[in-house]
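What follows are several structures.
One chain, chain A, links the two complexes that follow: it is found with chain B in the first and with chain C in the second.
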Partner chain A sequence: MTSPVQAGILSADRGHERRFGVRHHLMCFRGIVFREGLRFLNQRERFISSLVRPLLWLFVFAAGFRQVLGVSIIPPYKTYVLYEVYITPGLCGMILLFSGMQSSLSMVYDREMGNMRTLLVSPFPRWFLLVSKLLAGVTVSILQVYVFLAIAWFWGVKPPVMGYLFVLPALFLAGVMLCALGMLLSSMIKQLENFAGVMNFVIFPMYFASSALYPLWRIQEASPLLHKICLANPFTYAVELVRFALYGQIDWYSLWIVVGCILLFLGGAIYAYDPSKGLLSRKQDGGGNT
Partner chain B sequence: MQHVKADEGMIPPAALDVSRVSHAYGPKQVLSDVSFMVPQGRFSVLLGLNGAGKTTLFSLICHLYDSRHGAIRIFGHDVVRQSGHALRRLGIVFQARTLDLDLSVYHNLAYHASLHGIGRGEARQRIGLLLQQVGMEDRLHAKVRALSGGQMRRVEIVRALLHRPPLLLLDEATVGLDIRSRADILATIRRLVAEERISVLWATHLIDEVDVSDRVVLLHKGRVLADGRVSDVVSASGTEDIGQAFGVLTQSGAQAEEVLR
Partner chain C sequence: MLGQLSCLSGALVLAVAVATPASAYMVYVSNEKDNTVTVVDSDTMEVVKTIDVGQRPRGITISHDGKFVYLCASDDDTIEIIDTATHEIVGSLPSGPDPELFVLSPDGKTLYVANEDDNLVTVIDLESKSVVAEVPVGVEPEGMGISLDGKTMVNTSETTNMAHFIDTATNEITHNVLVDSRPRFAEFKPDNSEVWVSSEIGGTVSVIDNESREIKQKISFEIPGLRSEAIQPVGVRITADGKKAYVALGPANRVAVVNTETYEVEKYVLVGQRVWQLAFTPDQKTIISTNGVSNDITFIDVETDEPVQSVTVGALPWGVVVSPQ
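== the complex of A and B ==
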């Protein structure tokens, strides 16, 4: 090895007195998003599995249940719709849910592997780093949803063309809510194995006890208790927000609940990852000895 | 202990000033009233056995956790109240590998550069130069997974230097490496201190990594048993070299603290 001094790479003007401006924050944000995208592209099986899951539900489950489950005319639909059409917003929500949780899973993995430290020792504010990480995960999951919607179009699920545009902010908000929830959960879990266990207690209950698969009125007919659980489930409102947006409408009630949940979950995650107040400092970190 | 802010006095602040720091994981006390300084432009060794508390101390210095008691300052900047200023002046090589194995060397380093607000063009230039200095310019686009342990460490050192920090912390940086890689890495860091006047805190449990000209902080069971020049520590312990002093001090514990401080 030769000396770095020859190249002047560590010269005296290190620029540490200069303040970080908007440009520096954007560079940091772009770097985090770019890395998340690269990781996703490098894990092709993750991309494929993220699509196979909802497509199986669409092609197999929905096709099978089409004759069994009739969906009456309920907003935002103006006519009777096929079960595939009804289930599609729920499957978009499913992609966001799994992707959000997977993104958080990667935070547990990063923490175990030590990669998370490189993020957390950045001089940018901790909340900014976490929000950037969260938005990077949401960006990747929205891309997956659009790929899914494109395939669903060929399967006969054809919402209005403008719906593809209107649904973007709804997907964004729903994605942020679910990623923030995952981030909050990841802060409470020390080891990857525990996280997988918690996922079984979070992902599946959230998905099944919601309006993703069945309209709420049908659930109410079948089980009033389950109906109440569905109403208490934030995922229900994420799905309804996406459903209405896909048909160019805004479900204001769902919108406010999703925004409220974002504030709650994101605030909790930032609190939990705060070095002085959060939960991380109560645990012994892996990697070193003590 | 006196702390001097950068703009207040004639005396420059220490590169690192750890003052009466204690930390516990639940009921387990890991650090107790730890105080020491790393002077500017010096190579200092944090010497301690496994479990001494070195990694926890490093986590506190780089603000992964907050210390409940005591204060840590980097060039006069408190790591809790002025964490941004403090962390900009700090480069760190963790004991555990912290590179993303699925990404290339370049993408790992570019990611770090972005976390310090360095633009792509400048980052590319710095990465090229630093990799050249550690003899790894030909591995720029190699996946990290394909690198040897020594090469990974060199990449981590390059990463720690990318934002030109005046203080470098290395936590057991040579663990698991062969003798030649260890010597190479240690020589590189010592050269940085000599030629660039970078301040270094080198945590290790390996006696042979300590040079007689170094400052040494001996950490044992979360307490500082000795802090000073190697020759002072050796003579105060009544031994002939740092290896013997290390053995004597870690056996006699608190009594040694009284002798040396």
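== the complex of A and C ==
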């Protein structure tokens, strides 16, 4: 059921939609990106912590496992690589995953604090607001990835120079996919405290049950069931897309799966955040925090 | 329209001419386990041909004109001659029993062969295809190196742990130098000032002064995360300008890049498993390693010391040589 207020907003939305031009949309988009950037800059510990996590994996975990896991040639690599080289695209994925989830789940916080209402009552279409918010989050996470890749370069992880350029669209797509997933999840979470649950039930399983840490052939050797789970995990394809792009190649299979997942998750999030249809309204009717 | 087309085709021809590398060498790899020699194009880095040869092929070298590949077929007690134009075996040489490794004299006329089982170095005249001399050396001879002037030849004996300096004029040992355990390979510096001898079990490379015939430096290797037992130096190659040496480190799966002036290891290049022998391309832009356990060879860029590509060859690749043209 839609409340009278929401219905009013909705009709106001629709009424104003036609009157706004590209300039207004850009102004709104800039405002959302600016807010996200400002929030990120004001929370330096968030920036540092987002880098510390993958760097610890690179410096400590990868160094320890270097000899244990051995080496092998799998595409896109043409020769043997050290474990830290293998794990780097996975760690880029990790940054996108954590950052994307965090950015999207901050919407739960916004909802609790009332900022969300300010955003959603704006006369711009709901999908536009959500996509703007999502792109703002992705931009910030891509910046984080590039800082990480720069540090990794000094650690001896040196993909071809052009790879740094080719990886940008892959990072963008992977980032959008993960942010959209986070957004979809955020529509289902009532309180920020539930973020821990998301960490344990979504982020960690997605990260570990993927090709981020081990090649899929090795996982298949260890457990055929885990291999199947990895294949069903969209994060695997995000990592592989980034891995191939970093070496100037396109993994078409991963690309299509990532694009498909973007459409699915983003469509789901837009639907869920639509007050007339989505889960948000149902929760609010049930006495959720707004 | 026609003019445009001809311009375009001219540009295309030029582009193709520019894109086609001036030098594509043939890389010959002896595969110890499956009794084959794999031929790889150094430009495309693809296998061109696999040649069936005698049993347990190990040492491999090529005539200076590039027409014939000489191959130690250890278990057949012979050296096979492969025609590089037809890739067929066209003859053999009397090598003595169990030939393992050999070296061709700089004038291309004489082959010095280490006979592992009967502690001899056999000297073969290539023109007459006959044994000219047999030089008794230590137990289990293997490594063979020759000075660029062709006057001195060095053989290493695995069990005696010695580098034997042999005068090629008299075919007699002039000096014996004790090195670390299981010496595998000997390589002269291009200016003949030093001989580098690798010791597999000792884990070192001894740099022997060619004047005094004494060890002037011992190079050891350290790779973080690897046990010292896993570092077993085998093949050694020094660049033509004498500035860098490459040492294959066996089960450490790495090739060490050593500065020949400071004797410091500058880099460890990751290659396949159990790296054994090395060979430069004649333009010195690439060095190729044979990786026995992973059944492949790795192309390493000499300028950057980065591995470029690994190519699967036959089973247990052992020796490698590159055609001169």
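A few notes on this one:
The rule is short, and it goes like this: the second predicted complex is superposed on the first by the 265 of 290 C-alpha atoms of A that agree within 3 Å, B and C clash if a C-alpha of one lies under 4 Å from a C-alpha of the other, contacts with A are read in each partner's own complex, and residues count from 1 in each chain.
Here is the rule we use: a contact is a pair of C-beta atoms (placed from the backbone, for glycine too) under 8 Å apart; a residue touches a chain by one contact, two chains touch by 3 or more.
Just so we're clear, the structure is a prediction, and the values are computed from it rather than from any experiment.
Of the two partner chains, neither chain B nor chain C is touched by A:A232. In the superposed model, A:A63 lies in contact with chain C only, and not with chain B.
Of the two partner chains placed by the overlay, neither chain B nor chain C lies in contact with A:V22. For chain A, the partner with contacts to more residues, out of chain B and chain C, is B. In the superposition on chain A, contact of A:L82 is made with chain C only, not with chain B.
When both complexes are overlaid on chain A, the residue A:I73 reaches chain C alone and has no touch with chain B. In the superposition on chain A, no residue of chain A contacts both chain B and chain C. Those residues of chain A that touch chain C in the complex are listed here as 63, 66-67, 71, 73, 78-82.
The part of chain A that touches chain B in the complex is made up of residues 1-7, 9-11, 14-16, 20, 23-25, 27-28, 30-32, 34-35, 38-39, 42-43, 113-115, 117-125, 129, 275-276, 280-290. Interface of chain C with chain A (complex): residues 224-226, 253, 270-273, 294, 296, 298-299, 307-310.
The touching residues of chain B, counted against chain A in their complex, run 25-26, 28, 30, 50-56, 58-59, 62-66, 80, 83-90, 92, 94-100, 102-103, 107, 110-120, 126, 129-130, 132-135, 154, 159, 161, 163-166, 171-172, 184, 187-188, 191-192, 195-196, 198, 222.
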